[in-house]
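Okay, here's the structure, questions in a sec.
Each chain gets a letter, A, B, C and D, in the order it is written, and its residues are counted from 1.
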Amino acid sequence: MIDFKSVLHKIHYEIGSRKDRGTVATYIPELAKVDINKFGIHLLDKDKNSYSAGDSTTPFSIQSISKVLSLSLALSHIGEKLWERVDVEPSGDPFNHLSLLEQENGIPRNPLINAGAIVVADVLVSVLDNPKKDFLEFIRNIANDSSINYNEEVAKSEKATGFRNYAAANLLKSYKNLHNEVEEVLDFYFHQCALEMTCQQLARTFFLFSNRGHCLQNQKHLSINQVKRINALMLTCGFYDEAGEFAFEVGLPGKSGVGGGIVALLPNHFTVATWSPGLNKKGNSKLGMEVLEKFTTETGLSIF
Amino acid sequence: MIDFKSVLHKIHYEIGSRKDRGTVATYIPELAKVDINKFGIHLLDKDKNSYSAGDSTTPFSIQSISKVLSLSLALSHIGEKLWERVDVEPSGDPFNHLSLLEQENGIPRNPLINAGAIVVADVLVSVLDNPKKDFLEFIRNIANDSSINYNEEVAKSEKATGFRNYAAANLLKSYKNLHNEVEEVLDFYFHQCALEMTCQQLARTFFLFSNRGHCLQNQKHLSINQVKRINALMLTCGFYDEAGEFAFEVGLPGKSGVGGGIVALLPNHFTVATWSPGLNKKGNSKLGMEVLEKFTTETGLSIF
Amino acid sequence: MIDFKSVLHKIHYEIGSRKDRGTVATYIPELAKVDINKFGIHLLDKDKNSYSAGDSTTPFSIQSISKVLSLSLALSHIGEKLWERVDVEPSGDPFNHLSLLEQENGIPRNPLINAGAIVVADVLVSVLDNPKKDFLEFIRNIANDSSINYNEEVAKSEKATGFRNYAAANLLKSYKNLHNEVEEVLDFYFHQCALEMTCQQLARTFFLFSNRGHCLQNQKHLSINQVKRINALMLTCGFYDEAGEFAFEVGLPGKSGVGGGIVALLPNHFTVATWSPGLNKKGNSKLGMEVLEKFTTETGLSIF
Amino acid sequence: MIDFKSVLHKIHYEIGSRKDRGTVATYIPELAKVDINKFGIHLLDKDKNSYSAGDSTTPFSIQSISKVLSLSLALSHIGEKLWERVDVEPSGDPFNHLSLLEQENGIPRNPLINAGAIVVADVLVSVLDNPKKDFLEFIRNIANDSSINYNEEVAKSEKATGFRNYAAANLLKSYKNLHNEVEEVLDFYFHQCALEMTCQQLARTFFLFSNRGHCLQNQKHLSINQVKRINALMLTCGFYDEAGEFAFEVGLPGKSGVGGGIVALLPNHFTVATWSPGLNKKGNSKLGMEVLEKFTTETGLSIF
């Protein structure tokens, strides 16, 4: 039996003393302002025991981590039909390249790159009555936490600087793979990226992916098959062009965001969320990657 | 001494009887409505003698041909500094590919592909007081013809369907190679593409490129060096990914548009404009290409 | 407790009745000659119990499956230094594309695409006294089976038609990422691909990847960390541009070959090998993919 | 009437005093040994008057310039059928990239990039009885100079280091666009690149391209149409990814080689050859490019 509490504290202590914490994302002012010394971990095991270390209850911008949640809601609405509009292969390329989109006639490589997530957002705009409200409701519901919210300032900044996302959405539109208006889809997309959560909330939200589709209150949100697919996608595509390295070093399905958050999980065992705002050269949280690598090495817990 | 009149009529007669006239562009309704049987030629020699055949006084949408004119006006305003923002190499790729733009950090390959022409439009929006009005004035001035105008319906349609141009403009913006607002630049760009001219007007407008920068009224608009550069660009980049074929088959600097117009010229000899709305597979006027090929073969007049 | 025997027979019966069995690879005559109706499965569980169905003792050409074995031997010799010469990211591209090699200055995307496997072969040619002999010895040793051998006819045919591999090896050489002579490295590589095994032998050979690096005779060949890395690579890169689909549909680390073989495994649970020579459009065994998908669906055994 | 003699000497004097002469190619020892201070010009006008400046009678390795000559001989043998195996579009990419070859299914972009020239070499190996001997004979004949020869040391070095050319040839072979053995074709190709000429010989050899296909002794080697095509190709593709810049700055059909030679011509006016071994960043002779730019600016002689 692994003593998660002591493992977590040991790792938090060791990694937390690193001098090189990477670089905080600066592309929007709201992210640039975050204190680089923030560092939290939260783990939730299969029996719903929770373990915390550091700044695990400070909210941060989850950014791309939200792509897994929008994908889940879209899958629960339209099921496998989603795969007619977005592929499931690793992109082998940084998260914002449009080249592949052209080569592949407007079908994004997978739902976790920006172009793919924009298609998923388009699906939600089509199927939800009040997209932003309903999506937030979904998150609050699976996390059992009505305090989770969008940061409107962040959403506004994303919009003001999101030229590459506008480029992607228009390119998708030219391939008829965006059914709603560019502005409407991106307004939803920028809000989804501007969701704020703490490590604790993040681990609780992702609990369903390690618990066969059942959330903390034991409600079923996804089929076992859908969970398997989402986990496979997180493993192969969750870390931009560092996906192979993550599978290799960590060996867990997971997803990172440029806000410095990472969430990962071992099916039927645990969900873990980390936050440290400094990023490595590939755009993933520097300390977060080290935490997860150390955690799986020390505990021997990985899918491989 | 070549008898342009009889050569033109012979070619118009022969080529005009072709059954396969290509396919009219359908991406906007206004272009799709054009009668595929329209077919005109107009030639203006260095002594300002003019020769017509067929529908040479029917106006059509000049589309991408306008890129040469906006380039000329931009060059006359900011000179060589333009080349810091756009390159002069053939693209070796269809006119709307964004891949190269990413590979080359937001510097378009040349000013005659869409992305390059959008940068040129951005320059004009910066330097002109009333961009659309002033640009039209410039055209009317060099053509000595105040009847030339934008087709507002076409401009509106371009805007409603121009997702790839929105994608390109936003991508340029993300590389900081677009200084004005996307909407403002594209509004100008869509109008420039929506200019309407007859073959006669087109030949008269382009007279300055075969006349060392002096227009029909002998006003100087471009330096000899600028004319040389623009002609070199037309030869190497004027026909999308058929540029090599055009240099090879025709051997004249020229520019085509998806409205079915083509203009070409031999420095110090003549300017010729053709119009036939059916396009070949590469997006250039099918009969127009044949006219120019036959014309240079029959007369032996080419730059090579 | 899952009854592997009845599951295997049920699946073999159901899938074996498929009329569309894909297309046998024809690029070398030796592969084209194989009977498309051959179909075998062999499973070895963690307690070394074995289960067979169909043609599980007929030898076939393992082709690219050998890349995992050469990688293992290279890793056991030079360890992590290997990653200076080959990356660990999914290629997102068919197995024989050279484009990425140029873009990335001669560092292959991963050791399971051809270019990467050729670099691994180069390492073995450098470190082994008698590369072909020693590699075969290694395989026979971990499989505990001295009857395993190269098919010299196949190796010869590979060489005679292997122009793309010659292109890749020469390109690697131009980037100084091939230290030995092209001919010597490819001679080794073509032999490695020409290894013949039965489903039974294949499952026994790959037993060490599901058994923490210990082979059937309990000898340790790889560290736990090396096994984890190889399994991660098989999951993310083992199926060319169908890797994402495989992770998604099957959820097991595995590797396919154009001879129609596939081997897959669940760490600490089982190793399974299938063979059916007909390939799907992506170059993986059609029935083999269906077997593994059905197997993980029916048993609920996958890493996710 | 332009005084070529004084223009040439003035330019040779001015450009010859440049301190930054670029960098001598080092990829084979024979080229690296050449004295960077060598600098010659030779011009031959339409009336066969010749004008020299500097080291115009020192032989150097013509390298890629030979591609125009092999193309001419291939065209004179198989005519337009050549274009089924090689395209005529600018590559928009450095001379040795294989990516495009893959994208375009083994059809090189044009005959002046390496892959295209290797296809042309393959044609000559097929149609000539003694390829190396017959090709040399052809050159000697059009130059009316039996002293022109291959440098066997250079040819040998090209072979020993020509991994990218081996990669290209094997890739062409995989697409069935190379009919003879790789070794045989490359042996011819490496010899052709190892031809040595002086500026004087080079200008005399290329005289036929400015003289409607007739060489110095007035023998006809190419049709007017073939000359036009070759000149168009030199203009659009003769300077790797500096082709647009050359058309733009110089405005003459021409071809450069990594040995530091450049030859250019104005149809019906003159042929000019320059040699200075230091290359600019794009791989073209630094002083040579400046000579031609200055020459066309001072004389006003260009095709535009």
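A few notes on this one:
Keep in mind that, in the parts below, a residue touches a chain if its C-beta (ideal position, glycine included) is under 8 Å from a C-beta of that chain, and two chains touch if they have at least 3 such contacts.
Predicted, not measured: the structure shown is a model, and the values here were computed from it.
Taking the definition of touch as given, a chain qualifies here only if it contacts chain A and chain B alike; none does. When every chain is reduced to the mean of its CA atoms, the largest separation from chain C belongs to B.
Annotation: 47 Å between the Cα-based centres of chain C and chain D.
A straight line joining the Cα centres of chain B and chain C is 55 Å long.
Chain C has its Cα centroid 32 Å from the Cα centroid of chain A.
In chain C, no residue reaches two or more other chains under the touch definition.
By the definition of touch given earlier, these chain pairs are in contact: A-B, A-C, B-D, C-D. Partner chain B is touched in their complex by these residues of chain D: 87-93, 100, 109-110, 224-225, 227-229, 231-233, 235-237, 241-245, 247-248, 251, 253, 267, 297, 300, 302-304. Listed in rising order, the residues of chain A touching chain B in the complex are 97-99, 102-103, 163-164, 166-168, 170-171, 173-174, 182.
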